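Structures are listed in the sections that come next.
Each of the next two complexes has chain A plus one other chain: chain B in the first, chain C in the second.
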Partner chain A sequence: MTATVTNPEVDKSTDGGTSRGTGGARRRLPRIPDRIRQGGLPYLLLLPAVLLELLIHIIPMVIGIVMSFRQLTQFFINNWGAAPWIGLDNYRIAVDFDAPIGEALLHSFFVTCVFTFFSVGFAWLLGTAAAILLQESFRGRGVLRAIFLVPYALPVYAAVITWAFMFQRDNGLINHVLHDQLGITDEPSFWLIGDNSIYTLIIVSVWKGWPFAFLMLMAGLQNIPRELYEAASIDGAGIWQQIRKITLPSLRPVNQVLVLVLFLWTFNDFNTPYVLFGKSAPESADLISIHIYQSSFVTWNFGTGSAMSVLLLLFLLLVTAVYLILTSRGRKGADV
Partner chain B sequence: MRHLRAASAVTLAIAIAAAATGCGGGTTDSGSNESPKTLTYWASNQGPSIEADKEILTPELKKFEKETGIKVKLEVVPWADLLNRILAATASGQGPDVLNIGNTWSASLQATGALLPWDDKNFEAIGGRDRFVDSAVASAGKEGEPPAAVPLYSLAYALYYNKKMFAEAGIDGPPATWDDLVATGKKISKGGKWGLGAEGGNLSNNIHQTFVLGQQHGADFFDKDGKATFTSDGAVAAVKQYIDFMAKDKIIAPGNAEYAQNQSLTDFAKGKTAMVLWQAAASTFAAQGMKPEDWGAAPVPVPSGTPGTGKQVNSMVAGINIAVFKNTKNIDGAKKFVKFMTSDEEQKHLNKTYGSIPPVKTAQADEAFGAPDLTVLRDTLATSAAPLPQVPNESQFETAVGTAVKELWADAAAGRPVTEASVKARLEKAQQTMQQ
Partner chain C sequence: MSSLTRTPGAARSRSRSPMAAPQSFLWTRRIVLTLLAGFVLLPVYVMVSSSLKPLQDVSGKFQWIPSTLTVQPYFDIWKTVPLAKYFVNSLIVAGSATVLSVTIAVFSAYAVSRYKFRGKRVFTVTVLSTQMFPGILFLLPLFLIFVNIGSSTGVALYGSRGGLILTYLTFSLPFSIWMLIGYFDSIPKDLDEAALVDGCGPVGALFRVVVPAAVPGIVAVSVYSFMTAWGEVLFASVMTNDATRTLSVGLQGYATQNDVYWNQVMAASLVVSVPIVAGFLLLQRYLVAGLTAGAVK
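And now, the complex of A and B:
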């Protein structure tokens, strides 16, 4: 039930239904000439969306691509139309993996892949487990569901800065528990600098990401007919078999979208590393989003930064395309 | 017909969007007097909070309005946002008329060409270049070119020490040389107490400290043509000396490697750390419950002898400058405002409030700046402070070398060896990322 209420898509369609229902309100609107209604109206209705799409996505993207072909540094940002056109040089710098800039980009790419794999993996596992466990009705289920959604509802900055405080070496809660109370570590560990930083990043990212998986999967579970489970249990299927043979296959369409969305969000995540580590992340946690930000806005090489962004965009488009092709093939197979 | 309409709608949309996103960047004209009655001023956050800054500045802006009839719209911008805001304003051409900049950014921002150059004529309009302390003007732009800004508040580094902790350890006074500092630090560093504090995660602070040590080792980090020389022997020695306070001498607590929010000042105020190298820390110590007699200020140590002109640099020229956006719609008003802010009276009042030193000579002579710690800062600025390299890619330098030092702190804190070779390797990598 909760899922149905909180799902914005459902809300929208309900609104649509209501406005369609109140025919009286519609009749008061001025009459639209037949010519427009027949031919132009769809275009007219699309126009605001097209305008906004242009403003928010297309034009900045085109500007970004143009920038990637120019030598745009502090010398030209005042009049960036005058920045010299240098063709593919920015791209060459970005992918010259023997030189430090390319090498650092490649390093941050690998770090981001590892980070994304574990973050999405754990977020999905936790979300699935929680959604399945909370399917059964029990006392306090509503409260638990609400609590589970807290990380998703909190403003990212406030939440991540709290994590940053907890991960501080000398005054943080994490070391207080691990070292002072449980005595697991010999001495207090560093979590925000050095090699441990990647673990910190994954922990915070999973904490932030799993409620979304939980929410989506809980909604998906509502659509599985109870009779399937009843029939399966009569046939003697245990809980694991039910999960493997009924729950997971039925959740497949939800999971396909969920994993893709989580992947894209996590791969591009800027807020978490920026709030945890500031503008210069430790090497072990140097995510590509921060790396590009640093190239563009901290060292003022907007051209190179733009080229890196375009490369990232191409990579994500490619992965998305391959993923969609593979999963749609899988679906066709399943249908047969 | 329908297609034609659709096409014209799309064209219109593109035109609107292009205008809204400011295609083509800013203009290069140098100001006009289209709206002589108003000014927008971006002040950097100097006081304990943005609200405090507004309270401090608003009465002064009212005074200016009374004198000139020009209304000043104030916006206080936090430090973390300021540079990005300036960059955005530069790229769009939609900036304030007058703004504060960190003086280490002067040459970088000068290179954008968006700021009004302070040539002799413009300096005349505010009372002449000679009114300002030389080192402060030197930190307002590239040598040999008209400065991109005018000094507003000046600061320098001093060595702050906890008198009680010194007395407990049987130490008479503050160290004058680095050897003294290490010896003093070792006497104190035991039982959870430490000799010196550092802010390992703060890139700018890392740069300030290693730049000064670099100067003492005869290294500039840039050659005369503005090319990076991060791996010179002096630069390597300077960075290693700084990290060795933790790695070898063990007078800095390992936890300081991740400090970036002024935690070392809190440690100092709590009596955990006996010394810090800082610019005007008095107000922070007071806010954390220290009394003025609890701490002392001394010049930053030097390798040997005493600091002074032509002898030893022991601070960078720190401070805030005031600049005018070249495409302002009120060029005369903007100059009047800079003149007002750098007038003797305002300089005394504002610098007193913020705990900084006036870069205006006549204001500096005021007795309010004769308190012991401010005297140290004032003398340092006058005799032994050097501006950070005034090169267009100063911003890159701060990030690249600041990050290298940050990584070295992490090595030291984790107990990994910090050697001349490892320092050089990090600096080498930093240098290679410097494009242009």
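And now, the complex of A and C:
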């Protein structure tokens, strides 16, 4: 806001008079080649973003790749350049699926795939249902919309810690309902250790993730011209038909972005399992991000951890590339 | 100015067909929305009700209706854990990260939206693709970079708020740039070109014309940035120390070796959630408007 106050000075210093003109220059302005008129301005505007992306994302990523070729243990933390170069050994260890480390990595990869599939699937389903059902105005719509956005607004740790409390074996709500009140389970179950943990993780992740889908789809619905519905309704299409023939197809471009973003966020999610289970997740819910964290910061094997991260990145790049190619082909087909 | 803060799509009526909806639709709507509201509100109810119970009640069987009500946990939370300090740390970190991130995003998005230049595509693609990097991939290197910068130059990034601010502001940057490009594109170029002709410099045109017209988009990315920083756990748990700990890590302090003070955990969770949830709900219209123009196209 303060920038508005200071901008007369900014004008003088950056403008240089090139774009200043009288009314007569109005016609001429766009004809001046862009490169001359703007000078280095766009680059100047981009500079802070580029520097920060370099410092926090690009350089660390390059270092991460270099680190994956070194035997980096806790002894080399202050001088990681001195860690011995061991070529592809970290990768060999990571993908040796007969040995414990590789086997555990493969296992956590499968767990993450299952987790991502169900989390994204349900989040998308609930988000779509809520967005469509709230499209038309009715009493209470605003209140419901606000309620549905609460999980999105709640800080992750506050929300997930509450779920952890609900899933406690002895004093949690879930076992109280399932065992004491409904008598479905013979004895109180464990939800945060053992085989049930994956269900717990999916439920919490869906609860946390679906409002984002709802938000995106709600925004997407506002871009559908009302005339389409009017025309369809004049032609005698009922509301279900309108949803199937107009709403869902119109949401396809939004869904293409949404599903990709949800996939990437869910696949990389660290916060939910970390708050739910702590530094080491139960085997059935051993997500890859926790697994790598464990390998790096708990057992202090940064080299292998980096190799695992790089493999994860390659996998995500591959999936994203394939996805983008498939969806853009679909879009071209739809245009014809 | 208010005439410029037009929300694209807002003029269009959001109601659908004029035809009356059939009973099947109305019943589906009632049932599905009720179930969803129950699912969403269940933890909220647990949080509120448990925060008002004495310790022996939250340690025993869960009670839907608290047998004893007490506000004692709300006083105890500040003593068990230095919650106020964590609160201030989180405010400083999330607030600074938001202001910096949004400012930088506004400049970048303006450049991309309004100018042709070499490397534009490379920039947008690179920035966007950093979104997909697993946080864990650059946690380690960043940790080492910060440690090394600290030991060689004495600039303490590791363990400091500054390091965390730098890190967080880049987390929301790609999304903010992406969304603001879309938003700026939806503002007619004639407006700022007219400002240029009238003697504004490019930066003047940005702040006098484009920024005021893009208020909903800017509010939306600010909300997003703040929430991202306020809720982050992974980097906060590795990159902070006792003095700089944020809420996301500090809340773990209510679990001791012997006992978890669940009533205090719930009270503290509620206290740290209320400001951000209230702020978000107040501003959510802007977020939808911002998404409509910026991201969902």
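To be clear about the criterion, the second predicted complex is superposed on the first by the 298 of 336 C-alpha atoms of A that agree within 3 Å, B and C clash if a C-alpha of one lies under 4 Å from a C-alpha of the other, contacts with A are read in each partner's own complex, and residues count from 1 in each chain.
By definition in this document, a contact is a pair of C-beta atoms (placed from the backbone, for glycine too) under 8 Å apart; a residue touches a chain by one contact, two chains touch by 3 or more.
What you see is a predicted model; the values in this text were computed from it and never measured.
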item: Partner chain(s) touched by A:Glu136 [first = chain B, second = chain C, both, neither]; value: second
item: Touched partner set for A:Trp300, first chain B, second chain C, both or neither; value: first
item: First, second, both or neither for A:Ala49, with chain B first and chain C second; value: second
item: First, second, both or neither for A:Pro155, with chain B first and chain C second; value: second
item: Partner contacting more residues of chain A (chain B vs chain C); value: C
item: Which of chain B and chain C A:Ala213 touches, first, second, both or neither; value: neither
item: Touched partner set for A:Ile239, first chain B, second chain C, both or neither; value: second
item: Which superposed partner A:Arg169 touches (first chain B, second chain C, both, neither); value: first
item: First (chain B), second (chain C), both or neither touched by A:Ile93; value: first
item: Touching partner for A:Leu105 - first (chain B), second (chain C), both, neither; value: neither
item: Set of chain A residues, in rising order, touched by both chain B and chain C; value: 43, 50, 55, 59-60, 63, 77-78, 80, 168, 170, 297
item: Complex contact set, residues of chain A against chain C; value: 3-4, 7-8, 10-12, 14-15, 19-21, 23, 25-26, 29-30, 34-35, 38, 41-43, 45-46, 48-50, 52-53, 55-61, 63-64, 67, 77-78, 80, 126, 129-130, 133-137, 144-159, 161-163, 165-166, 168, 170-173, 175-176, 180, 207, 211, 215-216, 218-223, 225-226, 229-230, 232-233, 238-240, 242, 253-254, 257, 261, 264, 267-268, 270-271, 274-275, 289, 292-293, 296-297, 302, 305-306, 309-310, 312-313, 316-317, 320
item: Interfacial residue positions of chain C with respect to chain A in the complex; value: 9, 12-19, 21-22, 24-25, 28-29, 32-33, 36-37, 39-44, 46-47, 50, 58-62, 104-105, 107-108, 110-112, 115-117, 120, 123, 126-127, 130-142, 144-145, 147-148, 151, 166-167, 169-170, 173, 177, 193, 196-197, 199-204, 207-208, 211, 227, 230-234, 237-238, 247-248, 251, 262, 265-266, 269-270, 272-273, 276-277, 280-281, 284, 287-288, 291-292, 295-297
item: Contact footprint of chain B on chain A as seen in their complex; value: 39-40, 43, 47, 50-51, 54-55, 59-60, 63, 73-75, 77-82, 93, 99-101, 104, 168-170, 188, 190, 192-195, 278-280, 282-283, 294, 297-301, 304
item: List of chain B residues in touch with chain A within their complex; value: 2, 5-6, 9-10, 13-14, 16-18, 20-21, 23-28, 84, 87, 90-91, 93, 108-109, 111-114, 200-201, 203, 253-255, 257-258, 260, 392-393, 395-396, 399-400, 402-403, 406-407, 409-410, 413-414, 429, 432-433, 435-436
